[in-house]
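What follows is a pair of complexes built around chain A, which joins chain B in one and chain C in the other.
And then the complex of A and B:
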């Protein structure tokens, strides 16, 4: 839009009909998710009396942020054409490493937090490196990582702590400052906002910037949309993919530290199954399963739909057992809607 | 004058399979060298060597007189060798302007604020395409929505814009209709007139003879002939390309075959 404003020598093409705002919106990958989010919001506004209260909405936002933090890099990875099934347990691994390293080795939790960052990034690198080296499908590689991490989480925790949970680190040095960074809350107006919401929005903004305005973003789209074509024009596809896996690892570290500092100990069996929630949020947000298309903002809207549904069911005082059914139905509907919108959008061009 | 690219006696083996044996090819600036051959003749192997995707196992490969062994497509690009592949020249879901600059994106700003120079990218894409005679409706449209010929032209325009000295085109007209093929050949000629050396891979002798200056014929991995334009006529090129004696045999076989009775078939349906 700025481009046309700055280049007056570029007259509007007479073959283009006036592109209405609606038409242009139709071309966005997020559209299906936004429509879905509005529908879910309206639905629970009527179905649950307390849904519109400020306290409920901040709970919804918190639930959305815990999924959203991971959905952002998972969306980027999917745009880059790959999956990661190890994300759910990777979050737990990250929390376990900082907790146990702090407890066993040092007096300050920040050392553990730092070590955890290195270890988690190494796991991400391992995923990416194995992928580009073996050329196996990412489904297989990360399924392997998922199982290995699940085992390591339980095994190491039992070995070191003697139980399935870690020992509390609540009385250690640096705990309060670490909790302020990863698990604090603050008040805006009447609303109680969790710091994870800031992490989430920050990651969405960063990812959107990278995707749309940097060379790396161009390479991500190209790696997913046509890896061979990208390679032929000199795009470092392998490095891009490894970088994407390390991005996922970074977000897993953030989510893991939140998990730890929200309480003061971690259960080693947590996180299994969450990887699908992240993928669902990304797909609802308009990411194409085959890569090359999608957006970070869409993943945020997808996470918001997740938050509204999971909490809305509670506020509507339904049995929460129904939640999974709704999530599955939502996924199907969103994917169908996305496919339909994309077809329409491509037809209008 | 040294050739831009010169292959002498180049061979390539995949395990015990001879994909290419003793092939020589010269590419001069402002000339089009055509590589002709049937499916499986070794055309793809040849361009993969020139493009840096594969390394040759024997013979010499010189770029501007200096012997090279290219390790990656990036290295070939840095030497000014740009390759446009038939089916994987572009990323279909990405907008035209992102495709145009893919792999060589201009940036502005420094450090964390280093960003794509989107204005320049869009403007340049539009003007470069106009220069090649393609009036894009919208540089934001996914390149997959362009026609096959237009996509080839974007890829060619991109190579020319980034200062390629040698342009390698893999079957640019294979999947195109007559009119679209003409459009693409026009751009190939335009690239030649701009002083580039062009390698045109094709199995269409008519297209090759229209624009080519030199012709190399490949057959089952070996060089079946090498000619300059004044040495060979279109008929002779077609005959050699089609396999000469094999074609004659085929025409005999076809002659002997009984003509199917089309009138009755047509009558019953009409």
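And then the complex of A and C:
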């Protein structure tokens, strides 16, 4: 927009340079999302009096981080051309395993945390392994996992704890140190920052490095862009996909431990429906549903948009009945924007 | 893929075999490590070893009456603590009354109706249903009554119970329970309250808030949150408390959400008091710590227990409970001073 407004006043070569820069920027998958994030931020700064308070922003960041932690590996998975519908309940499974193992064994809670990591990674491996072995769409495989996990969460919890929530592990050894790692808060200047924000940023940095600087990153793009072509040039597509599912499982473990240590017990029915939030964040952030395109930073921006909107509506004190409507409208707009940006980017190539 | 792939496939097979062998070595090693850790790194506090030995069984040998079958069909969602307590009350009464107890649930109205139909087809001797979606259940409950099966309704739907031909209704009137909260808030001198609805569009939750707003002298705001997403629930309540500093009371409509409200209040630095519907172990802890001011208990155990007992009494002694009026199991307001008495019952899941 600025380019066309400025253009007539400037010399021709200057304009050409400007356009190419702009186009290069437009080629970035997260651009559409960044524009959206700025727009949402400015909008709520005006619409809600309390939105710009430091404490409010830290609440928004927290809300964004709990989605963002999962949105990062989900974005990588989508770049790799696959879906995972089991993510929401997998987070709960991870928390349940950790809590119930520690409780039943009367073990230091870190033992439960470790066992939970193994179990969650195994679930991720199962998803990936089933996918590459059966060649069924990931939609079906992970839908099956989703339903099975939902049932297992409830069934095991009732069998072991005798209720639908786990028993408290708040008085057990290691709880305080585990809480410090997964659910603590610290003060930076005036702001109260949750540790989940650090996990989130760490995962974004790690994922970005993998995507852009390593061979595995190229494999992910290649697997999602065209699995057969990738296989033909020697990309280990199956291994890449299993790895991606295990990456999702790792993040589910982090999010699950947060869920557990933020409180000290877990409700077994939690998490259903959250899988869509992660996918939404990844898509708003520029991932394509068809794979081969997207970024980890974009997923973070997507999660931030999601956090800002969902809490912004509360700060603005609007009737929250309309929340889902805004969400739907935003997803649609973001996808349209991304499609448009991508078309422009392809036109420049 | 077809031709030149053969050599590669063979190569891949050896690689895979090697990898499998490696995995075969690592997996048991990992398991052993985990087991070792588990035994070595024991917790000196809490956990299963810290559990009391007290049992929740009422004991007794049961009655000498003829075996009968009772089916309970509820609208419980998966993993709801509340229905667990209802069920354990019913099971306890069934054990005492020599009743074979069948339980099923579905939160969708028509699915629930099908489950009721199944019970009718089985020709059970008594039927317990919830009427959260009265329209969906109307015809099938009438069918059961016509087939001569005594029906007791529990929990919500008191209004609809009698017209359908049910013997009795045992439950809590959500509006009355809400009104009790409003009065309690007045007693605490609160001026602005927030009612947190954890399942948008759930009639009984709306009724609780409406009831509270009716008797509460101050003003009341509603907040819809996503109940299956605890971090989101917490941050939404936090956001609301930051946005409106005047809020001095938060009413959670289910026990798990009270803990989220307490966290939200701490994070937002708000001075609000927390009140909640229903009890669980962490609410009791919070009551004792003063984090939660009071809880409204509708005694779900009684709903299950009395319903089975009523069907048994009806069969063996032709009794009818309530005299045409709903039998209320709540609201019972629980505060810090009730905690010592109730603690052990909550721990074993009957309160």
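In the analysis below, the second predicted complex is superposed on the first by the 328 of 349 C-alpha atoms of A that agree within 3 Å, B and C clash if a C-alpha of one lies under 4 Å from a C-alpha of the other, contacts with A are read in each partner's own complex, and residues count from 1 in each chain.
The criterion applied here is as follows: contacts are C-beta pairs under 8 Å (C-beta built on N, C-alpha and C of every residue); 3 or more make two chains touch, one makes a residue touch a chain.
As the structure is a prediction and not an experimental result, all values here were calculated from the model.
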Touched partner set for A:163, first chain B, second chain C, both or neither: second
First (chain B), second (chain C), both or neither touched by A:293: first
Contacts of A:314 with chain B and chain C, given as first, second, both or neither: second
Contacts of A:228 with chain B and chain C, given as first, second, both or neither: both
Contacts of A:201 with chain B and chain C, given as first, second, both or neither: neither
Broader residue contact with chain A after superposition on the shared chain, chain B or chain C: C
Which superposed partner A:214 touches (first chain B, second chain C, both, neither): first
Which of chain B and chain C A:57 touches, first, second, both or neither: neither
Overlapping contact positions on chain A, where the chain C interface meets the chain B interface: 228, 231
Chain A - residues contacting chain B, complex: 2-3, 6-7, 10, 13, 15-16, 209, 213-215, 217-219, 221-222, 225-226, 228-235, 288, 292-293, 346, 349
Of all residues in chain C, those that touch chain A in their complex: 1, 30, 34, 37-38, 41-50, 77-81, 84, 200, 222-224, 226, 228-232, 234-236, 238-240, 242-244, 256, 259-260, 263, 267-269, 280-282, 285, 349
Contact set on chain A toward chain C in their complex: 48-50, 53, 55-56, 59-60, 62-63, 66, 101-111, 114-115, 118, 150, 153-154, 157-158, 162-165, 167-174, 185, 192, 228, 231, 258-259, 262-265, 267-274, 277, 307, 310-311, 314-317, 320-321, 323
Chain A contact footprint on chain B (complex, rising order): 51, 53, 73-74, 77, 83, 85, 88-94, 98, 101-105, 107, 114-116, 118-119, 122-123, 126, 135, 137-138, 141-142, 145, 158
